[in-house]
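One structure coming up, written as structure tokens, with questions to follow.
Per-chain residue numbering starts at 1, and chain names A, B, C and D are given in the order in which the chains are listed.
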């Protein structure tokens, strides 16, 4: 992605948005929700693109991350920011339980992860003493005030989730450009050929799974403290899987920033534009948009936006 | 450096290798010949770890390879090429070598990469897409290059010369010899063309029905009646003698 | 709710606040906000409650005709907490005077918190979880609660003289907490209780019902779930025919809709219900309510409609009182609402410090020949209960 | 206890049959086109709502509504195929997204046409109980759908094995290029498989409307269940679908009987994972033949 463009976008995000919408809790709230989706979308795309694994169960990591963080903060009084990081770690740890699924291919892997998501959700419902059961956890501690900026408020939350998403995307980009990224890319077609030149392919895939889980868990943890409430149906809702996938595809999951662009455009357009027009049926438009995108620009929005340069960059996105 | 003892491989009921035993000394070059389906490639797969033997011993410089996955063997110094070239998807030639060097040799050494590109005469293709923009010779060369980039001490080459027309074949042969002497490698080459073998390798192994039926100097081996009977390519034999 | 209308309403709301600065009380348009699940898994209940809200607004416009007019701007929270919060913030931005609605404790929680932040009154009947009122938000009001449902169920089970009860309940928040409350109350009174939890994905209740039939052998089976759970449970019971004296449920069971959709399945089944069906009324308000409901939606009001109506009516009354007192713009609405002491379709309503309605006790109705007859408590009953009796 | 177990197994078997009828259409399409139709559940739901409309508006017996539903669902299914066949690159993932989008559209269409209320047949016969040897109980609807489902599946299975098109379908699923060389017209065969999937979906819809309750959000749930069973079976194997579905049905009902009804889904999921880890390409996934 073009350096200058990136920097301009970051400046706009860190300075422009707060100046424009800082006062408008509603719009800022929508943007935060969109970025939450974006964070998961980046993590999903990273796994799909580098690991070559399509997951239908990222809600599992989202839920585990959010519960870990919320429980640590409420029951053990861990500082919220620390708890959030540990939420990511928790999700990463939970992904280790999924390593056996790495042997599975295509839809088999995708559904195995979905099964894990269901299992974690049911556990969260049944482990009442820790998770509060179906009732969930109300009034989860919010982010604290730091140097006069109240991170418990909309603007603070925005800055946190924005930073998470940006760092995730940059990490993704860095890996993709590294020899690790090359090796992962190489593995898609001929895994054996990479193994005989010394690439520990399974380890690399596992690493991608764990990283993807960490990012997703981190985002989930953020969301728990931002909404300050959790219950199993919400934390493990299939929405946390489905929307990010839609967003990633929509924005172009073969690019680094596609998922972010996709999440922002889908969510904001849906909520700000379509919802007022058709208060009830607006999800239908979302469906139509998705289909149209697949049929007319399968690469997603990002490639569509920059058709010309794409020719040269093609090899860069695998 | 490499010792096989009674190595045996079964695919379901079929016995692809019945107790193969031989050893390769440091810096030695061996030609591996035999009719199709004799088990040559299977032998390479066993050594490089792609296939697990059902029985037998397999040691490399005193350590047993049996429990090690492919990538660990590669890091120990066993490099191999595939009969059908397997370039890394949508990577450039240089990227192919970078991956092999980074993971196989555990270092980043652009100078050595360039050296390999020069020896294999791939310099001008270095930034082409390896899957879509190479000719057969270059594909074969890249196979060797990837193995070399892992800085092996034993190089297993699976028909890297097959399918090349005589002129480029001779050139390629010279390159291989250069590589071998430059890096002081032990080499095992699967090759049908006896002349090539004879030119490159002082020692020849003949494999038939999963068994080593002859082992010795080219002219000794190619006069062996069993070999002649087993080996289909009489014409090439004639050429050799 | 079209954009133009919303804008118009916003303008009027601004005009209103300006006028109020003067403290005078002349004819005004009041814009109410409503945040409800109109799509997603709670769509059905959300839409039901919204019908009640519309009826309340319609009737208010009639009753205050010439003096005030009322509009409601509704935003769909899509059964998602985040979007519930967004909806409240949007409504706050559009200058609504208060919010009526909300369904599902897990959405009402964050949404009412957002309302509290925006200093907006949030009145609901869609979430019975005790935590909601324990937060002590001065802007939060709720006209019903778990206790009300539990008391009704417990009371009737006692009057039936049930010695052994099997409670079959959904493992969601509202349902499981209600079930546990009933369980402890009954056990305390020496009743043997068997608890059977199931999850929402259960579509075949036969194995569960068979356990109840062969192991518990209860006098009464108590069901705590939602429509499709009840249908599943009752069908299983109808097939296995356990030797029980009654099938008792709670919300969304003794309703006109169920009577219409599953006549023979529902016969003799009990459930909580405020009004009988077809509605026979003594109070004029109830008559007008039913009539208006009929004209607007061409059907008889169900319990969701009733609750939506009552909460909105109480809110509107308080708004008018606050307006006359000139305190509406000065955050006086909450205090006005807390002064409420009204006799409504769901009985007497008053609010305590936390906005909870401690008078709330539900009534039990029984499906009888396509009708819903109120059978408990005695003073509210408009018929006699068939007991013992089951749908098979 | 023995009585409980018997009933649990019986219920599990019936439930399995029901799951299978929902899943087999998905499996068939997965087998022919390597495409998972994420709108399959919505198609099933559509059929159920057509049956509902017929019964409430015209007092037609749900069974009689099947032909009408078939026409409507068949058209929808053909439409899905028409759109799918326009996908050129990354068929696997893009077809998932496309059908997912179509699913959203269908769900919301159903929601806006029929509202969110729950519905099911009011015809008493379907709800009456059928008792086998005074120990096994079931609703007439369940038994009827189970029997009908078995017949349909057997039919499809026979068709795949013995009819010319059936062989073509299998050829296509195992080796597209070769099949095309053998003179199989892939588009013809694929649309055929979509239509048969529509038939199966229609029947599943009838089964749900008579034996369970329908509401707009159900479609997604059905799709996931069908998807899981298809993968459990492996590569669109039809007997695999039946066996996998019955396994899930039985493990669920046994969990309800001996543990708790709130753990039944957990049990199903764990079974699913265990099977996958033991045989990574499903129960019958070894080969690629559809009919195995």
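In this text, contacts are C-beta pairs under 8 Å (C-beta built on N, C-alpha and C of every residue); 3 or more make two chains touch, one makes a residue touch a chain.
If you're wondering where the values come from, they're calculated on a predicted model, not measured in any experiment.
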Chain B and chain D share contacts with A
With centres defined as CA means, the chain nearest the overall centre is A
In terms of CA centroids, furthest away from chain C sits chain B
Cα centre of chain C to Cα centre of chain D, whole Å, reads 37
Per the C-alpha means, the centres of chain A and chain B lie apart by a whole-Å value of 45
Note: chain D sits from chain A at a C-alpha centroid distance in Å of 31
Flagged in chain B as touching 2+ other chains are none
Residues of chain D that touch two or more other chains sit at 108, 111, 262-263, 265
Residues in chain A with touches to at least two other chains are numbered 122, 125, 280, 283
Contact graph of the chains (line, ring, star, complete, other): other
Chain-chain contacts, ordered by label, are A-B, A-C, A-D, C-D
Chain A residues touching chain C in their complex are 24-26, 29-30, 33, 36, 122, 125, 133-136, 138-139, 223, 227-229, 231, 233-234, 239, 271, 275-277, 279-280, 283
Per the touch rule above, chain C residues touching chain A in the complex are 1, 3, 6, 38-39, 74-76, 78, 80-83, 85-86, 89-90, 92-93, 105-106, 109-110, 113, 118, 129, 131, 135, 171-173, 176-177, 199
Per the touch rule, the chain C residues reaching chain D in their complex are 39-41, 43-44, 47, 171, 196-199, 201-208, 210-211, 214-215, 227-228, 231-232, 235, 238-241, 257, 261-265
Chain B partner, complex, touching residues on chain A are 179, 182-183, 185-186, 188-190, 192-201, 314-315, 318
Within the complex, chain D is touched by chain A residues 48, 54, 100-101, 103-108, 111-112, 114-116, 118-119, 122-123, 125-126, 238, 242, 245-246, 249, 253, 280-281, 283-284, 286-291, 294-295, 298
